[in-house]
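Paired with subunit B in one complex and with subunit C in the other, subunit A is shared by the two complexes that follow.
Right, the complex of A and B next:
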C-alpha cells in the first residue's frame, strides 16, 4: 500500500530584544558566564512579579505580518505548569487561550503554501547540562522571549519540511526579530509526522521529533520517520504516538521521556500580567516597519536573476536590500559577482557585514558594461570594494589605481594595432590570416594586448585587426 | 468529586514527590475535602457569564526594553541554592 506523509511543524524563535520578556535583565547571554544574566524574577523569588517587555510585543507583530498572519487585537498570558529544574517558577508563562498571532501562511519557493495555525509569545526555559549522577542549571536563558509558530499539517515531504523551516528562518531574519543563529539555538523545530494510506481522509498516528536545530536534521528526521513508520505499518503493526529525540550522529530517532498530557499542565490565566489590547492603528503603524520580504524580492528580481542564484542570495537580507537599491540594469552583473566571487569562496560571513554602497556597485557595473573593465578586472575591483584599505574610494578610482581600465578609444587602439602590425615578427601571422588561417587572430590580439600593457579591450582590438587585415 | 489513590500518585509524580503509603492515604482525604469545599462554587449558575481573568481593569502594562542594574547579584542568587558548581546550580539528575 502507498502511504502519504503529513507533517506539521512547531518552531520556537528567540527574539532579539535587549532585555528578557518579563524582567529588565540582559537578554544577550552570548559569551557570558552562566547565571550572570538572571534577575530575581527569573529566579522566581517570592513576591517577584513579571513585567511585560513592550518590544517583544512589537517584534511579535512584525513576525506575524512576515507570515501573512492576522494580529489579534486581544491577547493574554497563561501559566503552563510542569516540574523541571530548568524552570524555577514551576510553570512557563505562555499564551494558551489567546495568542497574539492568528492564522496566516508561508509560501515556499516551490509555491507550496503552508498555513499557520497561530503563533504565541512565551518565555524560554533555562539550560540543563547532564553529568554522571547530577545536572547543572544555567538560568541565563530563562524568559528569553520566544514566539512559537504552529503550522497546519500542510507539509507532505521531507524536502518541503526542510524548505518550510528555511523559509521561516529567512522571514524571521528579514523581519529583524531574531539573530537567527541556528547553531546557538535561536530557532528550534519540533516536527510531527504521520502516515495515512493514499486516498484516506483520516490522518494516521503521529510522532513528534523534538528540538531539531538545523534544516538538514529536520529533513533527515522526517525521512527517517517516514521510512520507519512505513515499515511499522507494512508489518501490520501500529505506530505508537510518542515523543522522539534525534541524533545527527546515528541518523536515528529514539523515544524520549514521556511528557505530561495537556490536562497535566493545569493551564490557568496568568494573574500577574494584564492583557494586551492592540488598536488597529498601532498594528498598522508597527506592521508598516516590515521591510521587503523574500516573496517580494522573488517577484521583483525573478526575471533578472536565475532562480537558483536568487535562492542563494535570499539567505542574506542585507545583501538583498542593497541589490534593491542599485540601478536595475546593474542587478544581473552584481548578483553574479556576489554568488560567484563571494559566496562561492565562502567569504560571505566577514564580507557581508560591510557591503559596498549601491552607488559603488552601480558604477562598477557601468564600467563593465562600457567595456572599460574586462570580466576579470571587474571581479578584481569588486573584491577591492570590500578592502578596508580601499574603502570609500569608489570603483573608478580603484580601477585607475590598479591600472585595470581598458583602452576603448578607437583612435588610440588603432595606433597600437599599427605599431604591432609594423613589427617584423608579426609578418608571418598576418600572411597566414590573409590566407584563411582564422586562429592566428588570437596571437595578434595577444601581441596588441601586450603592447597596451593589458589595457586594450580585446574584442575592440580584434575588430580593428580584422578591418585592417581584410 | 472523589479523589482516587491513583490520582494522588499521579500528582505526586508530576510534582516530583516521593509519597509514603501513609501520606497517600492522608492526602487523598485532605484533597477530597479541599475540592468539596471549593465545589460550593459550582452551585452558582455561570451560564453566559464571561470568564474573569483579573479584577483590575488594566491593559497594556508594558515596560521599555532597557537593561537595568539588578538588585541581586549572581553571587547572592547562587548563594540561595542548595548546591552550586562552576557558577551553576547543581541538582540531582531528573529525567
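Right, the complex of A and C next:
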C-alpha cells in the first residue's frame, strides 16, 4: 500500500527585543554569565508582576504580517502550568485561548502554500545543564519573548518540510524580528508527522519530533519518520503517538516520553496582564514598516538573476535590500560578486553588516562594463570596498590608487608593444611564434603587461602583437 | 492620627509604639519588630523637622506592615514556613509610597499563611488574639494588623483583602478596614494570593485617616498593569454623576469646593441599599439588630433606605471558592525550594525536592486550596467549574452595577457573627469559609467595601458593618463613613 505523509510544524522564534517579554532586563544574554540577565520578575520572587514589553507586540505584528496573517485586535495571556526548574514561576505565560496572530500562509519557493493556523506570544524557559548527579539552572533565557508559529498539516514531503522551515527563517529575518541564529536556538522546530493510506480522508497517528534546530535535521528527521512509520504500518503494527528526540549523529529518532497520558497544563487566564487591544490604525502603521519579502524579490529579480543564485542570495536580507537599490544594469554583475566573492570570504558575516553603498556598487559595475576593469580587477576592487583603510573612497578612486584601470588606448599600447619587441630577450620568442609556436604569445603578452605595470588590457595587447608579428 | 512635629517628635511616637508592641506581646501580633530601624528613621525625620525642612504627610507615623508585603526590612514570610528566611531585594510600591511620606514601619504582622484563612489560626507562628477578648480570634487573614490598630499600638496597619481579609478582622476588632476598588492600590511586591481578587488596603481608627492613606498610596503603578489610572484624588463623583459633596447629608470636608445648594430647594436624598438576601438566620441576631438601628438612624438623617434583591449573591461563595483556589494553586507554584525560602532536608532528587519541600512548607489550608484549585483547572473539569464560575462572576458584577442604579451605597453585615472562639472553626473548613459569605462578592465584582465599627454586642465584642460603593467611589465611601461615625 502507498502511504501519504502529512506534516505539521510548530516553530519557536526568539524575538530580538532589547529587554525581556515581562521585565526590563537585557534580553541578549549572548556571551554573558549564567543567571546574570535575570530580574526578580524572571526568577519569580513573591509579589512580582509581569509587565508586557510593547516592542514584542510590535515585532509579533511584523512577524504575523510577514506570513500574510491576520493580526487580532484582541488577544490575551494564559498560564500553562508545569513543574520544572527551567520554569521559575511554575507556569509559562503564553496565549492559549486568544493568540495575537491569526490565520495566514507561507509560500514556498516551489509555489506550494502552507497555511498558518495561528501564532502566539509567550515567554521562553530557562536552560538546564545536566551533570552526573546534579543539574545546573541558567535563567538567562527565561521570558525571552517567543512567537510560536503553528502550521496547518499542509506539508507532504521532507523536502517541503525543509523548505517551509527555511522560508520561515527567511521571513522572520526579513521582518527583522529575530537574529535567526539557528545554532544558538533562536529558531527551533517541532515536527509532527503521520502517514495515511493514499486516498484516505483520515489522518494517521502522528509522532512529534521536538527541538530541531537546523533545516537539514528537519528534513532528515521527517525522512526517517516516514521510513520508520511505513515499516511499522506495513508490518501490520500501529504507530504509537509519542514525542521523539532526534540525533544528528545517529540519524535516528528515539522516544522521549509517552504522550499517551497527555500532560495536563491546567491552563488559566493570566490575571496579572490585561488583554492586548490593538487599533486597526496601529496595526496598519506598524505593518507598513515591513520591508520587501522574499516572494516580492523573486518576482522582481526572477528574470535577471538565475534561480540558483537568487535562492542563495535570498538567505541574506541585507544583500537583497542592497540589490534592490542599485542600478538595474548592475544587478547581474553585483549579484554574482555577492555569491562568488563576498559569500566565499571568511569574514563575510562581518561584511554583511557593513555593505558598500548602492552608488559604489553601481559604479564598480559600470567600470567593468566599459572594460576599464578586468574581471580579476573588478573582484579586487569589490573586496577593497569593504577594506576599512579604503572604505568610502569609491570604486574609481580605489581602482586608480591600485593602478587597476586597464589601458585601452591602442596608440599607447602599440608603443609599449614596440618597446617590448625591441628588447633582445624577446627575440627568440618572436622567432618561435613566427615559426608557428602559438603558445609563446602568452609569454609576450606577459612581458607587455609587465612593461605596462599591469594596466594594459591583455586581449587588446594580444591583438596588437598578432598584427605586428604577422 | 498623630503626625510628628517639633513638640511631638517622631522618636517619641515610635518609642511609644514599640513599648506598646512589647506590652501586648502575648497577643502574638508581630512576626518581626524592627526597633533599631524604626528609631533610626524617626531620628532622621526629627533632624529634618529641627532643620525646618519639609517632611511628608505621614511624618513619623508608626505603622504595622502585614507580613505579606515585600520590603527590604525584615524577612517577608507571609507567616508561611515555606518562605522562612526570604529576604526581599525589593520593596512593595504601597510601602514605598507610605514611607516616602515619612511613615515608619515598626514591625510585620501575623496572618494566616499566604492569607488563607479567616482567623489567623493558619499562621505558621500561631494565632493572633482578639483585641477585646483573648479567648477569641482576631479574625483573618489580616488578624495581626487589625489587633495592632485596635490595641492602639500603631496609628494604622496595612492589609490585603482577597475575600474579606481586611473587613472581617477590622469588624472583629472594632476598627475601620478598607478594601478599595480592585486596582486602586498597586499589588507590586505583595505576596499574591488570588491575583484577580487581591486588594491592598488599610486598618485605621478614623475615616479621616483612611482618606489620608488612600490619597498617599493609591494610583497607577507602571509595575502593576492592573492598577487603575489615578482616580482617588480626582474623582469625587458618584455613579449617578451627582457630586457627593453637593448633597445635603454630606457636607463634610469635601464640601468646601462644592456648589452651594440653594436654600429651600429640594435636593436629592442619598439612597442606601439594604440586601434582603442577607437578612436571615445565618446572620447573628445582634448584628441584624445593629444593621436595623443604623438604618433607622440614617432615615432620621434624611436618607432613603432601598431594599435590594440580589439573587446572584447566593452563588458568590461557591464562585469565590472556585476562582480563588484556582489562582492560589497557580500563584503558589513558584514555591518549590529551588531559589529562595525553605527547602526540605529530604531532597534527594527533583521530585522529592518538590514533594517534600511543599509537603513540609505549606500549611494544611494552603494544601487544601492547591488541591481544589488544580482540580477545577484540570482538563475535563475546567469548563464545568472554572469557566462556569467566571461567567457567574460576571453576573454578580452586573448585579452590583444594577443595584447601584437604585442606590448610592449598600449597607450590609461584614460576617455572620462577631469574633468566634479560638479553635472553634479550625477543624471545620466549610464553617470557616462561611465567614466570607457577605464579603467575597465585593472582590468578585471589584467594588470597594469599608468595614466600620458599629458598637458592641452584649458580650462586649465589637460589631462591624460593611459599606459598599460602586467601583472608583472609594473617596465618596469614606466620606459617607464619616457621616455614620458614632456620636
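Just so we're on the same page, the second predicted complex is superposed on the first by the 399 of 470 C-alpha atoms of A that agree within 3 Å, B and C clash if a C-alpha of one lies under 4 Å from a C-alpha of the other, contacts with A are read in each partner's own complex, and residues count from 1 in each chain.
By definition in this document, a residue touches a chain if its C-beta (ideal position, glycine included) is under 8 Å from a C-beta of that chain, and two chains touch if they have at least 3 such contacts.
Note that the structure is predicted; figures quoted are calculated from it, not measured.
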{"item": "Subunit B versus subunit C as contact partner of A:3, first or second or both or neither", "value": "neither"}
{"item": "Greater subunit A contact set [subunit C / subunit B]", "value": "B"}
{"item": "Subunit B versus subunit C as contact partner of A:271, first or second or both or neither", "value": "both"}
{"item": "Touched partner set for A:85, first subunit B, second subunit C, both or neither", "value": "both"}
{"item": "Which of subunit B and subunit C A:137 touches, first, second, both or neither", "value": "both"}
{"item": "Contacts of A:179 with subunit B and subunit C, given as first, second, both or neither", "value": "neither"}
{"item": "Contacts of A:34 with subunit B and subunit C, given as first, second, both or neither", "value": "first"}
{"item": "First (subunit B), second (subunit C), both or neither touched by A:76", "value": "first"}
{"item": "Contacts of A:49 with subunit B and subunit C, given as first, second, both or neither", "value": "second"}
{"item": "Subunit B and subunit C contact sites that coincide on subunit A, given as residue numbers", "value": "40, 43, 45, 51-52, 83, 85, 137, 264, 269, 271, 273-274"}
{"item": "Subunit A partner contacts - residues on subunit C that touch it in the complex", "value": "68-70, 76, 78, 83, 86, 88-90, 92, 187-192, 194-196, 222-226, 326-327, 329-330, 332-334, 336, 338-340, 350, 354, 374, 377-379, 382, 386, 390"}
{"item": "Residue ranges of subunit A in contact with subunit C within the complex", "value": "40, 43-52, 79, 81, 83, 85, 88-91, 137, 262, 264-269, 271-274"}
{"item": "Subunit A contact footprint on subunit B (complex, rising order)", "value": "10, 14-16, 51, 53-54, 56, 58-68, 70-72, 74, 77-78, 80, 85-95"}
{"item": "For the subunit A and subunit B complex, residues of the former touching the latter", "value": "17-19, 24-26, 33-36, 38-40, 43, 45, 51-57, 76, 82-85, 129-131, 133-139, 257, 260, 264, 269, 271, 273-277"}
